[in-house]
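In the part that follows, the structures are each spelled out as structure tokens.
In the two complexes that follow, chain A is the common piece, with chain B as its partner first and chain C second.
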Partner chain A sequence: MDLNRTIQNLLKDRDRWGKVLSSPLSYRIVEGALVLARKSFPWQAIYQMSRFALNQTGRAYTGKVPVVWSSAFFPVEIAWGLQLCPFSPEVAAGFITGMGFGAEALSMGEEAGYSRDLCSFHRCIAGAARAGHLPRPAALLASTHLCDGAPLLFQNMAELYGAPCFILDVPYTAGRDAEAYVAEQLERLWQDLAEATGRRPDRASLEEALRHSNEFRENMLRANELRCRVPSPISGNDMLAFIYLFFAGQGSREAAEISACLAEEIEEKIAGGRWGGTEKYRLLWLHLKPYYSNEVMSFIEQAGGVLAYEEFNHIYWPPLDPGEPFLSLARKVLAHFDYKPVEERIRVIRELAEKYRVDGIVHFSHHGCRQSTGGSLILKEALQEAGWPVLLLDGDCLDGRNEAAGGMLTRLQAFFEILEERKEGCLI
Partner chain B sequence: MITAGIDVGSLSTDAVLLRDGEVLAYSIVNTGAQARAAAERAFEEVLEKAGISLSEVDTVVATGYGRMSVPFADGQVTEISCHGRGSAFLNPEVRTVIDIGGQDSKVIRLDGQGNVIDFLMNDKCAAGTGRFLEVMADRLELSVAGLGNEDLKAERAAEISSMCTVFAESEVISLIARGVPRPEIVRGLHRSIAERTAGMANRLGVMPRVMMTGGVAKNPGVVRALSEKLGAEIVVPPEPQIVGALGAALIARKKRSGKA
Partner chain C sequence: MLGWVCTYTPEEIFATLGLESYRLYGDDRGEYAKADLEYLPVNFCPLGRACLNEGMGKGNPSLTGIVLAASCHALVHLAGAFKYAGERRGKEFFVHLLDLPRTSGDGDAAVRAFASSLRSLAGRLSSFYGVAWNDGAFYGALQAHQSVRRLLRELYRLRMGQPENFRAAGLLEVVRAAGRAKKDEFLPVLDGIVKALKGDVNGESRVDGSPAAALLAGLRRGGSPQGPRLLVVGSPLPFAYLDLIEELGGNIAGDDLCQGYRYCLPEVEEGPDPFLSLARGYLGRVPCPRMLAGKERFSYLLSLARKAGARGVIYHALKFCDASLYEYPLFREYFAEAGIPVLYLETEYRDAGLEQARTRIQAYLELL
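Here is the complex of A and B:
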């Protein structure tokens, strides 16, 4: 059974989305399709994650547990620690686009007054929310770091749903004062969120969420270490699927279990000698990818390219201390290498390029993402000086309406030709 | 050894035949609505000009946006590598190539060995491309080929501030209505293209020597405006439109000798 087609068929009548998404029957149908498709998943960890995501989505739409929207970089352990149902609208926007409904949601967002200069994730969320396609939040959580559009979008959405919006103000400069400032906000936010959602602020539950988060961190570190092998034991395109756990799962038992499964599967694959293949070009992939079409990723694969590692799968934060939950979550938030002067991102990317022995670096410059694209020219220059060819691939993760696939593929092919010349010498 | 390069561009399709590194013949035909048919026509024409048969051609490499539509090609290489190769072959001192084609423009940086080290490509917008000039020439009742001579008659350039093709056309209409002499409008348009292209070139970094390729390089008005804007001399090969196809034929030669 084709899983995507099952979901597309369920959602083909846009007027009935609300009913379909809030009906437990829909989730049983999709779960049935998932179970049938289990063997077609390249990794059981991805299968397990799909079931987890489906279950979470069902919980969010059927409304049994208070739903909290959480922005991409918000420390979602806070929500898991209150046994709420976190919902990542950014991941939902990627899913809506992958299912072929992105252009419509974007148009709805634009009709509602959101400028086309805004990030397409946010336009898509705004459009889908106004059409009543997203689960109603009991509260919204957004942080100011990395994605400066998210807190503003979330404030708009809070008004739309009449729900409280909690903003975590993260200072640009890390240090003890910043840690104390963020930790204090997190503690207050945790208490206020509990009150807004009718939950008891239970420290033991929060500590458990932090332990799960630590397990997730450890497992992903293990998986990432295994990925240093050449040839790469897992495709980077598959690895980008785990973004769901990064955005919505950290602090859950399931994310800990799924990441453990992933690390074990990679280990088994390596131990069994069941991996290999020709790698013509090992790439370090920065930012995300287009979700409206698989053309770019397929082209890379067909040309013999592999995503040896992705910036979004990097574990950059120290272990959390369950005894100091707010302070350690503050440290985690402040540790992000992209929320610092660009030199820090350059340092981390250089380390990763060396560690994963890449031939070149591709920065997918998602239109509307100022935090990533803003520093890309400096990043490119520094990495080129250090000896890596760099491609700034302009595009959009969700909005394919203004993208000519031919141009993107030509850029990639030309980049591969540069890599080939470096390996094999002049073409003439 | 005889090799061929076919460059299927948006406006023209060009073919070059090489024998042992010497250009035997070339052809330029309109692409029209069918890329594959255009490639076949260009190839037939160049074979006829050279007086050789298909069986004598050892390897064919296709390039350009329609490179996947050439069924008789032995390989496909991007126009970025091909313009780089072609330019380095014509002048080994070239370090920066500016190619303004029918629907896009590119700036290519080469190392001392003729390898492409970096590039930028604009295909988001018709501004600064051959299509921009086509639209404007049509509005001014000129042929594209006639734009260069018209520029030479100008005493000054009209101010055209829009880079967008649609808005620039509106500005041209206003200038016509105000009675601004046509040569001045043409020079203003050429400056507009130069402005756009120089911005892209400076973003990548311009290293002398600079070579301009693609059909627009045949327009001396654009070349002069761009040279002034960049503050650098621009070398234009005798037939800039075939540089991509030439590069493809050179790469075909390498592919062939690699196999041998």
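Here is the complex of A and C:
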């Protein structure tokens, strides 16, 4: 099933993409097509997730339920706990780009004054929002950790829509004081958000969201354990599809169910001995991937490379305590290994590289991401000293306009040659 | 010698502990090793890169440590780069990231959080350098810092009265000197400059001492009062751009730059808890773009522009500076609605691009 093609058929008239994108009817049609093509999905978990994402997005456009925009790393359990409809604009930007409309949205963002040096996810969001193509938020939620741009952009978007923006200020240094500071903000934010969206702040419902979030966490841990097998039972490219659940789903019943389905499917696949294939190079993949074209991912696959594990799918936080929702969400937020001195990221990446027995590490250096790219030279040096070949692959997740994709492929090819030489060296 | 960069770093703490401090500006004196190329990627804040070169190169100053506010990922990664570059030197190098809340949250909680982060900075400095905190020393240091800030604001007031007689880059030089000097030693210098300038106004100019004379000479300019008055906002910018604006007939009457007026703004009141006082004073200043204050900040800037009689605003963004780059689209709209056109300049914290900017600045000034 080619979901992209189905949608692109809907959007034959390119000028109408915004209208089609923002019509709830489109989502119902595509969902229908999806149901018919269910069997052709390599993983039912991906099928289920696509339906969930389409359904949620369609709902967001109906205007019947309060929509809250939530930035990539905001603890979205808060929104699920108030039975709101979370919308992840970063994922939407990836989706718009995947549909082939990234360039239009990016240009609109640039016309609105957003520099090309900014993260293309945000330029794309700004452009699509100004053109009126994104669901109107009742409120916006952004946290300050990991991404400097998100709270700044969300603040601008709040102005555009005339909606309140709730910012979660996360200190850089974790510890008791920081936990108390974040927990206190979360509790107030939960109440203010309830008021802004006309919901009753019901603790039982929040606790349930935390339980679902815990189930999601456990299922993903299970799936991640199974992924230690060599050869890999699931491709990392498929695994990167679950980003929607990470950004917008945590705290929902659906994310818990879909992740359970994923873990079961991988288990079944392993038990049935139905997996294998040649794996020449096992890679650990850092940051995201290009969404405007499949070229890079296909090239890796054709060269016999496999994404054995991805930084984004790593479960880094302890289980939540539904009895202490705010404190445990604060701990979760503060636990992120990328929001610490770079040594912490190095430590985690080293552990993962060992655990997943990778041959090399690829850092996709997304042009506008200060957080990830800023520390990449130090990261590379430290990981190389520890014995792993590292490739810093400069590119952009959404903006393919200036991309010398050929350049990326050449660099990957050269990297594979290094990996090959190392393997031969080991054999001798 | 401790290096620091962000103006949310209370120097009073260093002075109380008897530690010398030095504000890094990333001055390029041509003698620094290109430390940045090893540690920071090319798409990274050029100010941060320059500061690493300044702090780690073979030129001045000889830093033994650095205190960076965790205000953006540029500074966070800069801290990492300093740590690695410092370790290479072989000696233990002090690196501290200062947690800095966003003021848009609950004011009180943010003040308490910042106070606690300042307390832990003082604690770490004490144990690393083997020096002790003393409340008495703090109140002395505070007074000297407050006096310097007040005199700097006085300078800014004088400039606002007759910007055609002031060189904007010269004023930023004075602020820079303040951020690098021991405040009690700098006070008489600054006092001399202010007095001399007031003397100018009254026709009795006189200033003693060479540092003051040099700074004073850099401050003076004979522009025409007919040129449009301007406000300069945004990320730190190369001085050559300010000189160019003035050369083309603009009169810079005010700024909101952290290398300029923002440094002079904190008003710290004495209280029983030094850290709470500092936190309140520093966070209480008009917020910078990173603080997510949105319209609150814009309305302050508009009133500053009106007070300065500015007919135009120059908005400067450093390449890769998220705080400025995200603020700009809304800023532009806000000022357009207020009837004040904005000229956008982007630089890499170097004089490069000056000639292309010349035509744009010229056209803009003609429009005003």
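We take it that the second predicted complex is superposed on the first by the 408 of 428 C-alpha atoms of A that agree within 3 Å, B and C clash if a C-alpha of one lies under 4 Å from a C-alpha of the other, contacts with A are read in each partner's own complex, and residues count from 1 in each chain.
Convention: contacts are C-beta pairs under 8 Å (C-beta built on N, C-alpha and C of every residue); 3 or more make two chains touch, one makes a residue touch a chain.
Predicted, not measured: the structure shown is a model, and the values here were computed from it.
More residues of chain A lie in contact with C than with the other chain of the pair chain B and chain C. Applying the stated contact rule after C-alpha superposition, one finds that A:G273 touches neither chain B nor chain C. Contact with chain B, but none with chain C, is seen for A:Q413 once the two complexes are overlaid on the shared chain. Contacts of A:E421 after superposition on the shared chain: chain B is touched, whereas chain C is not.
Judged by the touch definition given at the top, the superposed model places A:G149 against chain C, while chain B stays out of reach. In the superposition on chain A, A:D117 makes contact with chain C only, while chain B stays out of contact range. By the touch criterion defined above, A:Q384 reaches chain B but does not reach chain C.
Overlap of the chain B and chain C contact sets on chain A: residues 377. Chain A contributes residues 377, 384, 389, 394, 402, 404, 406-407, 410-411, 413-414, 417-418, 421-422, 426-428 to its touches with chain B in the complex. Residues 65, 77-81, 85, 89, 104, 113-119, 121, 123-124, 203, 250-251, 253-254 of chain B are the ones touching chain A in the complex.
Of all residues in chain C, those touching chain A in their complex are 38-41, 43-45, 70, 72-74, 76-77, 79-81, 83-84, 97, 99, 101-102, 104-106, 109-110, 112-113, 116-117, 120, 289-290, 292, 294-295, 317, 319-320, 322-323, 325-330, 332, 346.
The part of chain A that touches chain C in the complex is made up of residues 112-115, 117-118, 122, 126, 144, 148-149, 151-153, 155-156, 159, 167, 169, 171-173, 177-178, 181, 184-185, 188, 341-343, 365, 367-368, 370-371, 373-378, 381, 392.
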